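So, here's a batch of structures to check.
Two complexes, one shared chain (chain A), two partners (chain B, chain C).
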Partner chain A sequence: MRAVLLLISFFALSTICHAENTTLKAGFLCVGPTSDWGWNYAHNNGRMQLEKRLAGQVQTTIAEKIPESAEAERVLEKMIAQGNKLIFTTSYGYLEPALRVAKRHPDVVFMQVNRFETAKNLGTYFSHQYQPMYLAGIAAGRMSKSNKLGFIAAHPVPPLLQAINAFTLGARSVNNKIQTKVVFINSWSDPGLEAEAVKGLAEAGCDVVAHAQDNQNTILPTCDKLGIYSVGFYTDAGKLAPKGWLTGACLDWGPFYEQIAKAVKDRTWKSGSYTAGMEAGYIKLSSFGQAVPEAVRKEILDKEKLIENGKFYVFAGPLKDRDGVERIAVGSKPDLKQLSQMNWFVSGVQGALPKK
Partner chain B sequence: MDDLAFITAVAAGMVRSGTPVLLAAVGECLTERSGILNLGMEGIMLAGALTAVIVSYLTGNIFFAIIAALAIGALIGLLHAFLCLYFHVNQVATGIAVTILLSGITAFCGIDYVGKSIHSISAYKVPWLSELPFFGSVFFNQDILVYLSYAIVPLTYFLINGTRFGLSLKAVGEEPRAAAAAGVSVFRTRCIATALGAMLAALGGAYLSLVYAQGWTENITAGRGWIAVGLVMFASWNPWKAVLGAYLFGLAISLQLRLQAAGADVSPYLLGMAPYLLVILVLAVSKLRQKKIPAAGPTALSIPYLPQV
Partner chain C sequence: MLSKAAGAMIAFSGSIASMLFGFVAVGIFLLLSGRNPATIYTGIFTGAFGDTFCLSETLVAATPIMFCALAVAIAARLGLMNIGVEGQLLFGAIGSTYVALTMPETTPSWLMLLLMALSACVCGALFALIPALMRVFMDINETIVSLLLNYVAALTVEYLIHGPWQDPTTTSWPQTMAFPPCAEMPHLEGSRVHLGLLVALIIGFLLMLVLHSTKFGFKAKVIGSNPQAALYAKYPLKRYLIVAMLLSGAVAALAGFSQVSAIEGRLRSGLSPGYGYTGFLVCFLAKHNPITIIVVSILLGGFLSGADSLQLSEKLPFATVNILQGMIFIFLLASENALKSWSEKLRLKLQAAEAS
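Up next, the complex of A and B:
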């Protein structure tokens, strides 16, 4: 009985405290562990930056390893019950549960990554990951002696095909003999397969290996051990491969999360698609490794400026796929929707695509 | 790359990819022959992998790392055996609980070790043997843990089929009551078998983190422990057949990755399925070809032993 009373008084107290509290509570839903040095690490990093940038005004919570199922819906409801008024759902498959929960709680703002469907209180966000991969491709194209690059990816889905195509276009912009060999391993993180894939690519003659895996802990050190160059994805992980690291794509969600949290706090937030790239600082080029010579760095940084001020567009037409079919017409730029449906490889990419 | 170089590379990759599963499967063979079902192999592999990384990071010594992984394996094996033999709990439930518990514990304890560079094990060419054409570069240009696995398989087979302990092991696995009447300690025999089996699984885990991935990643095993448990049943509780299954699994992984790297135009989804499909197919066929009635496994497998009833 006493325990029950204690519990009741505890809840009463916590609701009183909550009523007095004016800080914004923001929740983050992650599909994997934030220790992966990749996708989830990047979102957690953005969350911690948000707490630092708006210290005292924002309080955050994070739920890791939540499957993209009804379980996500349960965790979202729990976050809302705890007073979170802004929730970032940081994995592709969270859209459906988030939409259902958003309908029930019109006073809570949702931000869904990597999707296009929006609702009154649900906006979407993503970054143009292919932009820095194009720049990393330039580094790979300049550094490769065998003219063979390797790329390890989980599944043949549009965001990864964009990264593979951009990487190859970048490499071929400086060396038109480049071939990119793609290996799909059907998993976002499986160190055993990743290590064997790197070895297989090295045996096939690749002297640069890039990847788009959630987990970077295996691929980068394995590349260093085999004495080949490596390119990273999602986070700046050069210290994992000190010898052969070239550069890579590096997500930087901190400023974006701050912008959204401020807007929600000031009640100026509007639903929509907040997708942008390097020009808005959503994603950056990782720092260069010691292996990249000064001239190549300069070449890449010059191109980076052109991308940032909108003078250079990676997928500008005319662009043909590897079978010679024109995919992007002369003088046109594909919009977000078209990009999100990319299902072809540019010439220079070797790898199987699922047939329709 | 010419054809022979490609085949050699695929075969060497087969040995590397197959070894962790091989070690766990041989360990599970040993455990199950004593009548204990250990579904905790996945968790024990994770524990072995993380322990090896931590000890290698702290001491910089590979030898200590392997010993520590073996010790953790033995400890968890004994815990599982104790729960099964002393409290007579359901072995399926305890095994799954061990895996779930350890995947949580390793994820939690491993956070600080993600991305840490450790002393890993490099390949060591066996003098003379590595000069052999084809076989030399496939089997004898590997690392010490692979060489250890070559010794472990025949030793395990000998332990089961050629020693007094093996006789007791099979007896407690088939007819524990009769074995007890003949003076064999069911409790002790099963404890030893479970601990030894778990040690091999932990060694398989240590192989993954020290040799393969060269560091810790959460859920580094990605289901290899479960594959080992499945292999044992398909291999009719015979360590040699378990080796065959594990290498087939490794072969399919190695082949599919290298086919993709070579630019073969085959669906990656189809190739991804190959390891599982191939193992099931070959072991099912080998079972069909058996003249005798296929073994159903040790009679007392997973049945709690209650001597006083």
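Up next, the complex of A and C:
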């Protein structure tokens, strides 16, 4: 009798231990609500895909609306206390708190989005979101009648400057009269200011508005209401602006998260800067809206193929900034580090950049 | 007459009872929406006081709230509604940031911290002087003025971190350089609990002494509860009001000082997720009593830091956690009033019984 009990308890214990060995707990820290139809929605979508793709092997938790301040440290610590061994910090400003927490917990792997600085247990990841934005720029350049495009962006940080520049380069590749007016909101998400910005740009004559705000709920419907074209960012949200939607960039983090989670589970993960571009399917062009004619669609899809197979590079040299200073030399391509430090606008972009 | 101690006891148990009432009322809503309030409250409780880490984070969250609530209490003693503690907190942060960024890095830590604290107090006090002067000399309501000045303070911080004080080493991210190590307040080993907590506790006890056992405290009370009588007694009304606002601003500024020095290590936006307003609430829940303020601050700090672990432990979405917080606040205030009239009736009954 006692032997049987012992055997049973041993068996139970071993299965518990076994389960613990195979399930990886992964945490996600988000700056906004996952219902924003944009940046945070995309990350949550990636998380849910990860759970599906590695069902039974990965367990995830998510914390939304965590500010990019020392508040984040508390939530990170709590995630770690709950046994999360892999944490994705999915907003630009999480780097400093994540670095501090990473130092205290060398056994936990951190993945920080859109930053270049790494640590032993903190890697970073970039999506080449400028690639589809270049393609969306082509659509905008073809569709604009006023030759004025608007761009609403959260902060003047490099990943967003890349998107603005690529969008403008794309538009000017088909229409060299294009000017892009940029408005910075100084917040990842502020529906009031975003709506005002759309109206202001429309009044200034812009007939296409693109954006790099985390939330798409405001800008896209406002564009439709004002009867101007819109370009989305982060998710395929054409249904939010059925009339004027052109296309946009659309993140797909699922496969990338799977790749990282597998590497952490197999203990093959190495720190470094990971990139996720169109060629790997991590970021895509969104579907076209009804407003985009067949010829323009074809033109864009042809360019998409060239980007995907590496025959066309958006920021290929020679490239000058809007003041005429050469930023990328003839025949060279900026590396990830250079891209992650972009602090200039190409010609055709109007709007203030912070002075250095 | 009821003794003073009994009155304080009724006030204290009233605060606690109104909190309990809030939790019960919200619990009914949780039950109706198919959630078990017991597990959710246990989640908050363990997230706030469950282990040393959670407890330490509760104290970290409670510290700025305590400073702000004590600041409100000083002004409230004289019948002033200083809802501008949020702005005074931010100006305190600005003051200490100026010192931290301009003093040489080799300054001894004690001197650096002392200067930062002094600079914070001066900035906070001067910022509180504006509504004080307007109240005393122009009879403009200090509640409105100090409330509106909160926006001025927040925008001043935004201006500084986007402009002259922006960290030149990062790319356009709105924050100042990290402070040198000597500008960092000492922490309790292995946690984020910092010297600020001790300072807040000392101020709380000092305030208790000053308000209840000095001439100043007595006169302040007379001015606050019966300005006509104070005028008749030829109290220097204007001077008292101004001094109280200066003190209030200085104490609120210490919250800003301790946040930038001990928690963030730099000035950045989102420094205070509304500590000033929470402090205002705490002060009124605690009936302006400094000792009760300390207790209620810790309870509320625990509630704030415990609630965000609900996202992790109970998988409640942020919106639900937010609604829960809001509802509990509303019920606290509502039940507060209900309890007040009830205890008033009780007091009258007791008095009547004593008289007969």
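In this text, the second predicted complex is superposed on the first by the 334 of 356 C-alpha atoms of A that agree within 3 Å, B and C clash if a C-alpha of one lies under 4 Å from a C-alpha of the other, contacts with A are read in each partner's own complex, and residues count from 1 in each chain.
Methods note: a contact is a pair of C-beta atoms (placed from the backbone, for glycine too) under 8 Å apart; a residue touches a chain by one contact, two chains touch by 3 or more.
Small disclaimer: the values here were computed from a predicted structure and weren't measured.
Taken together through their common chain A, the two structures put chain B and chain C in a clash. Of the two partner chains, neither chain B nor chain C is touched by A:332.
Touch criterion not met for A:287: it reaches neither chain B nor chain C. In the superposition on chain A, A:237 makes contact with chain B only, not with chain C. When both complexes are overlaid on chain A, the residue A:309 reaches neither chain B nor chain C.
When both complexes are overlaid on chain A, the residue A:156 reaches chain B and chain C alike.
Of the two partner chains placed by the overlay, chain B and chain C both lie in contact with A:33. Touch criterion not met for A:23: it reaches neither chain B nor chain C.
Of the two partner chains placed by the overlay, neither chain B nor chain C lies in contact with A:176. Of the two partner chains placed around the shared chain by superposition, chain B and chain C are both touched by A:354.
Superposing the two complexes on chain A places one region of chain B into the space of chain C, and among 9-17, 27-35, 45-53 or 99-107 that region is 99-107. Counting contacts as defined above, chain A residues 33, 35, 155-156, 186, 354 meet chain B in one complex and chain C in the other.
Chain A meets chain B in the complex at residues 33, 35-37, 150, 155-156, 181-187, 189-197, 199-201, 203-206, 215, 217-218, 221-222, 225, 237, 239-240, 350-352, 354-355. If you check the complex, the residues on chain A that touch chain C are 27, 33-35, 61-71, 73-75, 77-79, 81-82, 92-93, 96, 155-158, 186, 340-343, 353-354, 356.
Residues of chain C touching chain A in their complex: 47, 51, 53-54, 57, 60, 158, 162-163, 166, 168, 171-174, 178, 192, 263-264, 268, 270-271, 273, 305, 308-309, 311-313, 315, 317-319, 322. Note for the complex: chain B touches chain A at residues 1, 5, 9, 13, 16-17, 20, 107, 110-111, 114-115, 117, 120, 208, 212-220, 222, 224, 253-254, 257-258, 260-269, 272.
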